[in-house]
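What follows is a set of notes on a single structure, which appears directly below.
A, B, C and D are the chain letters, set down in written order, and residue numbers restart from 1 in every chain.
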Amino acid sequence: MGFDTVIRGARVVTSGVVSTCDIGITAGRIAALGTGLDAPEIIDATGLIAMPGGIDSHVHVSQPSGPGVEMADDFASATRAAACGGNTCVMPFCLPEDGQTLREAVAAYLAKAEGQCLTDVSFHLIVKSVDPVTLGQDLPALIAQGMTSFKVFMTYQGMRLTDAEILQVMAVAREQGALTLVHAENEDAIEFLRDKAERDGRIQPVHHARTRPIPVEREATHRATTLAEVADVPVMIVHVSNGAALEEIERAQARGVRVFAETCPQYITLTADDLDRAGFEGAKWVCSPPPRDTGEQAAIWAGLERGAFDVFSSDHCPFRFADPAGKDAPGARASFRNIPNGIPGVETRLPILFSEGVSKGRISLETFAALTATNHARIYGLESKGSIAVGKDADIVLWDPTLTRPITQDALHHGSDYTPWEGFEVTGWPVRTILRGQTVMLDGDPVGTATGQHIARAKPGVTP
Amino acid sequence: MGFDTVIRGARVVTSGVVSTCDIGITAGRIAALGTGLDAPEIIDATGLIAMPGGIDSHVHVSQPSGPGVEMADDFASATRAAACGGNTCVMPFCLPEDGQTLREAVAAYLAKAEGQCLTDVSFHLIVKSVDPVTLGQDLPALIAQGMTSFKVFMTYQGMRLTDAEILQVMAVAREQGALTLVHAENEDAIEFLRDKAERDGRIQPVHHARTRPIPVEREATHRATTLAEVADVPVMIVHVSNGAALEEIERAQARGVRVFAETCPQYITLTADDLDRAGFEGAKWVCSPPPRDTGEQAAIWAGLERGAFDVFSSDHCPFRFADPAGKDAPGARASFRNIPNGIPGVETRLPILFSEGVSKGRISLETFAALTATNHARIYGLESKGSIAVGKDADIVLWDPTLTRPITQDALHHGSDYTPWEGFEVTGWPVRTILRGQTVMLDGDPVGTATGQHIARAKPGVTP
Amino acid sequence: MGFDTVIRGARVVTSGVVSTCDIGITAGRIAALGTGLDAPEIIDATGLIAMPGGIDSHVHVSQPSGPGVEMADDFASATRAAACGGNTCVMPFCLPEDGQTLREAVAAYLAKAEGQCLTDVSFHLIVKSVDPVTLGQDLPALIAQGMTSFKVFMTYQGMRLTDAEILQVMAVAREQGALTLVHAENEDAIEFLRDKAERDGRIQPVHHARTRPIPVEREATHRATTLAEVADVPVMIVHVSNGAALEEIERAQARGVRVFAETCPQYITLTADDLDRAGFEGAKWVCSPPPRDTGEQAAIWAGLERGAFDVFSSDHCPFRFADPAGKDAPGARASFRNIPNGIPGVETRLPILFSEGVSKGRISLETFAALTATNHARIYGLESKGSIAVGKDADIVLWDPTLTRPITQDALHHGSDYTPWEGFEVTGWPVRTILRGQTVMLDGDPVGTATGQHIARAKPGVTP
Amino acid sequence: MGFDTVIRGARVVTSGVVSTCDIGITAGRIAALGTGLDAPEIIDATGLIAMPGGIDSHVHVSQPSGPGVEMADDFASATRAAACGGNTCVMPFCLPEDGQTLREAVAAYLAKAEGQCLTDVSFHLIVKSVDPVTLGQDLPALIAQGMTSFKVFMTYQGMRLTDAEILQVMAVAREQGALTLVHAENEDAIEFLRDKAERDGRIQPVHHARTRPIPVEREATHRATTLAEVADVPVMIVHVSNGAALEEIERAQARGVRVFAETCPQYITLTADDLDRAGFEGAKWVCSPPPRDTGEQAAIWAGLERGAFDVFSSDHCPFRFADPAGKDAPGARASFRNIPNGIPGVETRLPILFSEGVSKGRISLETFAALTATNHARIYGLESKGSIAVGKDADIVLWDPTLTRPITQDALHHGSDYTPWEGFEVTGWPVRTILRGQTVMLDGDPVGTATGQHIARAKPGVTP
């Protein structure tokens, strides 16, 4: 057993167990776990924690965002930020431009990512049209190529699908063994409230949150799980923001529906009050669903603690604040309706959960690994990833659990010009990210070349 | 790295991941996971599954059971059966005889177990009296010795504690960092129904089930979780038999109470109709809580599938059927009240769950490992056990997932003269059990000497 | 106090109390309650029960039902049947024909009813289009004329509204103080299941029930109550068929939404098995939502018993069975999809509830009065009706609680050629129906002339 | 029809309907409802509301309260206050002194009440011992005498019964057709918290509330409804203080258990903060269960609005504040444990509900009548009372809905030296109370002689 690299003496975490040992790496894969391993390259990890590389299964990169608006990250900057935040794989959504087929969109995305990525990437698809080509040809072909999951939207004009359309998509998912992700908010109800708010002159950023209240998410969540029940397929509800929506998910599970649930850092740390900051400042926190209040944060935490959530992602969707191509888009100050939705988060997801969860004693290291890597890999079919186990990709992140410093925009590497967590104190930071055996981040800075690849995935792992 | 033994080529399962590799064992511990490992002793496990040795955290052995009644298993036979059923560690309950202190009882138990055991053992305590010596001296001393969990009963005359007493025990658990297990059935309600049944001449075994209906378990479960809420401690609800009781557990979790839940093979495979067999035959299935019906089996399965249960144990509590010291105790035919409660199961727990769960596609191998070993080790503080990971005890069971044969009393090794699952078809059997590197079962038969030890445990692992 | 008529000696029931006394009637109104009252016309009601005349707030009469299909009842036959079944007022729905405005439809309906009715009538509106004329002009005008309630459909192609449209209608209801009724079934989900059933050759009547399963009603009920929550208006969920939908209603109430609930005789007496009768026979029971099973019947009964339902109506929607303009419409035998939806019931609603409810001891006389008359009057603003109280219309029905006979088509007066309850045994029948002081039914037969009027209503009574 | 008295022109309310008419009274009973009624005595009630006389089915009068402690009201002062507060009947609890049998206690109570009462009274029993005499002789005899309801306590040392004892009492209730009332709080849990509070020096009045938190009431409520489920009897849960306890009641109802629910003014108007007033002042608000917070008030209101409560009572249990025989009992300042539990409220119950409920538009007049009179009469078998209907006792209260003034101790007639609602503004006051045709309160002052009688009751009315 000659290794290329050995990581020595870390507390090695997988979703089920922590054990202190060496990790032997050969040809980018984990070749052995043991003690006294040796290799030309030795990484001394004494006192550190070796985690499976973070997988962020919910990020938006270079996604078409409306006329004149541009996302703050391309693949180079997004994966650079991801690597610096302790990730070795991100899963962006592939959204067709108007007039593009899904396969054309995928081709364009692959081209954009090619040679740019510091982490691996693997695409989800977005189905915004249920024409015969999309359902009958593109989806089966792309699933066969390893893009085995797709998202549908119940909100956003131009993207939302009707229930009938969602059922058609789910029928394809069932036939092909793919997984459907749902963004669950009732667009009609939002429009109703939004129109009323505008008529009443309530146009500031905070009204973004007030016109997307919990009932519109709860309703859509109940509906999405019912559609899955009717179509007899598993479903993933993304970015669950509150206890009532989570209750709908658990009620569906108790009825026997296989429902997976995701939540994000914004729902355990931010509130709607953040959108209510003076002037236009609140626009920095405009995302959907909006952050709620501390009571709902507690409900999400309780859910994390009792295992109600399968994955913890960022929903990274970055725009620049001081930028007419970003938050300050034309009309944005005249109505919250025109503020691009989304916040940057791929670089801060893991430190936030580590600090709030592990360092504060709410969750164990094993649960952290499950929520941030293992479950993503299992559910989305990333077979070579998500665990520190013999034969898996050597995607490993070393954490220093004692390192304390605040999140600051200055220290981040994403393309946005702000972070919603400016000044947020964090204990526990990743200090080295290793992608298939190669170090891509060291002590907070990106290193090495962009060797990230697009990963074709197996069928979703939906058996509990 | 010189190993004593290498297990070659199995699909190695931990609670979070499956990977095909070799396992190197040195001095009874797992020294390495890798490929191409070599050792004087090679166990070829190609085509087999290597699981962490089963931990059965709910068994009764040589326990005082009333005048003239004797359990069918002593430590020799119980651990022999356990090993043959794929277990490497069992957790019996230590119940003081009348007049004995808890510490005296533990000493007597340790003496009985000494040199008899084919698997490791680790004792839970039973608190049936809340006198100052028990609470103030014995519990702290025994917890310090590594018996970090104890059960209280809400049922059984002579064992049941009042709510006030349970709260006192929980206060000790809180102070000492131990875990309280609760048998949740409302004794008063059972007595009420039992007296009425007897007055009405309903005295056959099936009335054991009918006088312990779901509401008495649901009520006690709600109460137990509330007492834990009031005392601000985690709690384990053992042998949950039905959906309504499980719902109470999940409601308590949603309120933020840390509640763990256990279920057993009888609740996914047997029903109250089994107690209604002709003549006295039904006595074979008399246990508490009783098996329910197929609807409740489905509710328990749904719970297993959505992760609502932490551990799957046997509640092995064996009596002989054709024996006046067993099920046929004096008075047993005159009233179900006098039938000793309990069924044998330590040897059949794992094959039943493997067959019904893994082989039928309801749960994954990882979940099987978590439910039968990893979670028991984590929750009960068995730090050296429960996972196939470097540094852990080499407690490993090799499974042949293709082997199909029925459960039959003839093939079992427990002390009872029957099995409740006679003729139950099973696909997937353990073919070799390895305790700290030594094979103790091969191809269904016990081998080797009784090297099992009593294991002192760490504090319970109650962080999610 | 000179009375025109005195009803002597009945047990007089109102929703709150039963008292034995005389009822003095003058000029069509109740002038006094007392003892020893005298008048030229004395009706001896000793041994009988005097109930407020039944109000059936959910009936369909002469409603456009698609090309070539005709309802089995016009106003003459429907109100004749109603009177014979113990009703003094029915509330039909006014549905515009294609191309008709709502006001034109109302005018046409009033013309059809004029001079034909043996009971009073009062129209609900159906909103199937949300154009500016309907919302901005017709609804306000018709509400001002006393048609203060309207129904929206979440199912039926051509009638269903989107969530956005329902919210617009609810906004009008809020502004004008009217009440919105919702038929809650998810059309898209039904279509999905229906298409699949047809593709699979499952085309018999029973598949009507199987393609409208409980989840599609539960989902739409959750959604309807959420839309009411968002629009901040009360809402009435009509014809609730099962416990899951009822649970959604009660959850909404617990959130503070004012939700009223209606159920019907079919949901406490019929099952989906009725649709599974040999050949095309099952078509007789095709209605939406379909009857469920005995478990759901029990859930509806439990709801009636705990006061979860406000009104008990018939959803009378009669078609002839052996008729190409009825159930045997073109294509009906080729697919259940083409069978006209609905069953006759205006004549049997009250006897069924009296027999199953009062005679079997499940509900009291007062609750019967509330569910069949008083609550309808209060909620829908029929101020002069619904109670036997001084000043109210003398709408009184005398019941003989001892009379036992089965329901048979021979003895009915509706326009349909069958009854879904053929042979259903009933104890307790109305023996005299009095409309504003005039007897319109005696001993089961219609008497007198058609003096029924259209009643303009006050604003809905939505304060509990 | 010669009447003794006619009440002219009031809006006459029963639980189901409001109608403006005259009420003719003869020989203490309602003889007629009509118009133009005449009599020697005419009471002009134009502009007023005629309500059925209030029935307060939960009051404590002259009840043994521990050594040295005395209730502030005897029958004279309690019924004087009751009449001034719009009541015509109160239902005190008959609690045996130590050594007294239940029948002796009843005899003593009847003697105390004899000739003293300005309203009618009817006793509930308290079962604090389940000896054979009480269960086998006294209860059947007293039920036969018309005391058809009894309360059991799950709290209070010396009064609380075990589950086994409660089941025995419920078995008697079932056999005899009586109704069991339950005070649902878990005494053991309270003791646990109370002991801890005292050990920690938390001894002020507010800790009364903090050591009786919602979980102890929720738990006991779940248990009480389960015991009723096991014993197969109806049950009344008295003084429900919060939404979680109410949820348990509604869950039990959904399981088919017949559960009635009571709440009181303190749970919609007071909070635990009232107990936290400076110094010993908070003792004025010490009652059990304690008032909660505004969130729970809202939950109770939502329950009242959706019909979840059957009766609204006072739980009048008056002690003087500045009195060593009252709140300032020996030891009371050293620990909240020694403060007598209870607050005065018989005189303020109805104005508070009228003002907060009817005047603020939350509930209708009919619902007010149901909650304060009709349902009490029906459920507890007061057949001659509870409604303004021909043949009923002429127990009528005239309300002036426009009268606004605050509650002040100065204006009250009870024996206590304070009111918990000092300064609470009320719109809508009773201006005349008529007991069986005789005015006993006029314009806020008691009038007439003490003609109140003890009323024997029929079996409870438990059919919905």
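Observations
We take it that a residue touches a chain if its C-beta (ideal position, glycine included) is under 8 Å from a C-beta of that chain, and two chains touch if they have at least 3 such contacts.
Source: prediction; values computed, not measured.
The minimum number of touch steps linking chain B to chain C comes to 2.
Taking the mean of C-alpha positions as each chain's centre, the chain lying farthest from the centre of chain C is B. Our note on geometry: chain A versus chain C, Cα centroid distance of 51 Å, whole angstroms.
Averaged Cα coordinates give chain A a centre that lies 57 Å from the centre of chain D. Look at where the CA atoms of chain A average out and do the same for chain B: the two points lie 39 Å apart.
Every pair of chains in contact is given here: A-B, A-C, B-D, C-D. Across the complex, chain C meets chain A through its residues 162-164, 167-168, 171, 186, 188-189, 191-193, 213, 215-216, 218-219, 222-223, 226-227, 229-231. Considering their complex, residues 1, 12, 14-17, 19-21, 24, 31-37, 247, 250, 253-254, 256, 258, 298, 302, 304-307, 361-364, 366-367, 369-370, 374, 386-387, 389-392, 461, 463-464 of chain C touch chain D.
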